[in-house]
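Think of it as A, B, C and D in the order they're written, each chain with its own count starting at 1.
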Amino acid sequence: MKGVPLDWAYVAAFALLGSLLAALPFAVVWLLAPRSSYSQKRLTYESGVIPFGDAWAQFHVRYYLYGLVFLLFDIEVIFIYPWTVVLRQLGPLAFVEMLIFIVVLAVGLAYAWRKGGLEWT
Amino acid sequence: MIGLGHYLVSGALLFAVGLFAVLTRRSAVAILMGIELMLNAANINFVAFTKFVSPELVRGHIAALVVIALAACEAAVGLALVISAYRHLETVQVDEINLMKW
Amino acid sequence: MAEAVAFYGLTAVALGASLVVALSRNMVHAAVSLIPVLLSVAGYYVLLGAEFVAAIQILIYAGAITVLILFVILLTEGATGVRVRPRNEQVSLGALVCLFLAALLVAVLTRTPWPQTQGALPEYNPGAVGQSFLTAYVLPFEVTSLLIVACLVGAIVVARREA
Amino acid sequence: MMAEAIRVVLSVVIVFTFVAVGVALFLVLMERKVSAWVQARIGPRHVGPYGTLQTLADLLKLLQKEHILPAGADRLMFGVAPVVVAVAALMSYVVLPWGPGVIVRDLGVGVLYFAAVLSLEVVGILTAGWASNNKYALLGGLRSAAQMVSYELPLGFSILTVAAIAGTLSTVRIVEAQPYPWYTYPSVLLAGLVFLVAATAESNRIPFDLPEAESELVAGYFSEYSPLRFALFQLGEYGSLFATSALFVTLFLGGWRGPFGIPFVGPVVDGLFWFLLKTYAVVFFFMWVRWTYPRFRIDQLLNVSWKLLLPLSLANLLLAGLLVAWSG
């Protein structure tokens, strides 16, 4: 194993061993901490009032609109990251291509702005 | 030694699971998730073919990246439709959204 | 050896988690299980030398699309904890179709003699991808921007509360 | 093979130990000292000399406390979410260049990897908020997610601006491309400013700390989290604060290079010294801001990102591209 897979073996190790190390102290808690559970204790915190209804309520659509605009602008970076690497080699041609790309997207941003997709109402 | 065949089989199995989700799930969001699984399965094949069949021009990588972009667009519009349907019909279960049926 | 271990490990995670996506009764569980699937597919890309695609897979799929899916689940009835029937009445038929398709695909894919070559991937992955996008594949690249704008407009029109 | 495996394990253990001691424990203490300094108080002073062992004592206390699973919570998700947040923060340390040749792994897609891993934290936070079965927590989680995704874009574009000027994604080579002709590009300065603002928001700190605004939402997405899981969130939060500060140093402040070499210690220690010095200075800046400014309202906060920083950083990226494409 070498090259790219080896590089990412480190990443995988960080993910797996990291989770293990992060979970390890739980063993200490399991050994040391007291355990007693009764329904009053497990009540969720609602400023001292007994919780009413379900916490899993529905939320406003504006969260979705921000997520949506984010996702669509996040797609751009697929193309911009490789562009940054070859920009110096390819010169003005690459710049003009990216200019067109971003101007088109700016139209989209302007539309979202005009239509109030970016308003917290 | 892991070869092309391994990746293709794995992709095919993932595709089948995604298809199963699309065919049997009632919730529209879950169906979208099934579609994402299928798109991922296709992407595995693109990238695997790039490595084993024509590596020089990374054509498969380009295809996979465009597919990821399309998947994101699809998810955005699909989920917008789900939200709109939920607002009007108060359900996201596709077999209950049958206004056009009767 | 290490490659085989990595491959089978990733396959186990990908298929296991994708079954949770397809079967779980709880929508949030299904959406969160999508993440291990996507990350293992990124792992495949790494094994296949497609470092850039793997990173994009994590950034866009695992970090953005999943968040949007979770948002929608929380915005609609998935969040209310209402227990609904998760599957329709086509389960057995669907399972049959999928098994058949899987068997067919596996048979076809493993028996076809693919024209394998001994060529090597370009040294630096993002560079090669950038070269292709800006020269040979400039049309898909530019058209994608139009597609994104179209999606943005469409999705905002659909999702916004009508005035 | 064997040597490589040992190196892998060692690097994980070393980085994790550093994150636990040099980042989480130390930064919590530093935060309390800085806040005391800003508010003309003394801060912790009883445990250890000048209170330096205070956070260690806190940690020992947390280890003996009971875990409480809130009623109606989702057991699995509730347990997994804090681990995801902490590990995502930890994973970003793979590409940080501590000194010349001192890096866990110089990935070819370095800064892209950093952005990708950072974006995973959002999922953990959202899940934590949902799994708690608490209204404050869910609202905090949603707000946090909306805020983090909003600021991810300006952050990403300022990283891209630097990458375009350096012509590479590798963090090591970005450091090597500095300082000249680095600062002759006006885009670098602007990108740095955008990065600072976006990084503050990305780590959910005042003036962008709405997700855990105590006066409105108790403690946001970790309202229901008791001892050790709470500690893991703290680890994740301070871990990513340090990592973003270190990335800022890497991208804009010359990384491990210092204004002058330290005699007799060799390049590695010299590099480590300057890198840590600069990074802790940036961390101090974030803390200083936190204890000086009031909090934004959420609409103001999102407007700053979408209507100011995003167009600005896009234009800045194009400016950088123009300069690079024509001047070479």
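Note that a contact is a pair of C-beta atoms (placed from the backbone, for glycine too) under 8 Å apart; a residue touches a chain by one contact, two chains touch by 3 or more.
Every value quoted in this text rests on a predicted model; they were computed, and no experiment measured them.
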By mean Cα position, the chain sitting nearest the middle: A
Which of A-C and A-D has more C-beta contact pairs: A-D
Chain located farthest away, centre of chain D as origin (C-alpha): B
Between chain A and chain D, centroid-to-centroid distance (C-alpha), Å: 14
Chain centre separation in whole Å, for chain C relative to chain A (CA means): 16
Geometric centre distance via CA averages, chain D-chain B, whole Å: 33
Distance between the centres, which are taken as Cα means, of chain B and chain A, whole angstrom: 20
Chain C, residues touching no fewer than two other chains: 2-3, 47, 49, 51-52, 56, 59-60, 64-65, 67-68, 71-72, 74-77, 79, 124-126, 129, 133, 144, 148, 151-152, 155-156, 159, 161
Where chain A touches two or more other chains, by residue: 4, 7-9, 54, 56-57, 59, 61, 63-64, 67-72, 74-75, 77-78, 81, 83-85, 90, 94, 102
Junction residues of chain D, two or more chains touched: 107-109, 112-113, 115, 130, 138, 142, 145, 149, 169
Pairs of chains found to touch, sorted by chain label: A-B, A-C, A-D, B-C, C-D
Residue numbers on chain D that touch chain C, as the complex places them: 1, 74, 76-77, 107-109, 112-113, 115-117, 119-120, 122-123, 126-127, 130, 138, 142, 145, 149, 169
Residues of chain C defined as touching chain B within the complex: 3-4, 7, 11, 14-15, 18-19, 21-22, 27, 30-31, 34, 37-38, 41, 44-45, 47-50, 52-53, 56-57, 60-61, 64-65, 68-69, 71-73, 75-78, 84-88, 90-91, 93-95, 97-99, 101-102, 105-106, 109-110, 114-117, 119-122, 125, 128-129, 132-133, 136-137, 140, 144, 147-148, 151-152, 154-156, 158-159, 161
Interfacial residue positions of chain B with respect to chain A in the complex: 65, 68-69, 72-73, 75-76, 79-80, 83, 87
Chain C-touching residues of chain A, taken from the complex the two chains share: 1, 3-5, 7-9, 12, 54, 56-61, 63-65, 67-72, 74-79, 81-86, 89-90, 93-94, 97, 100-102, 104-105, 107-108, 111-112, 115-117
Touching residues on chain C, where the partner in the complex is chain A: 2-3, 6, 43, 46-47, 49, 51-52, 54, 56, 59-60, 64-65, 67-68, 71-72, 74-77, 79-81, 124-127, 129-131, 133-135, 138, 141-142, 144-146, 148-149, 151-153, 155-157, 159-161
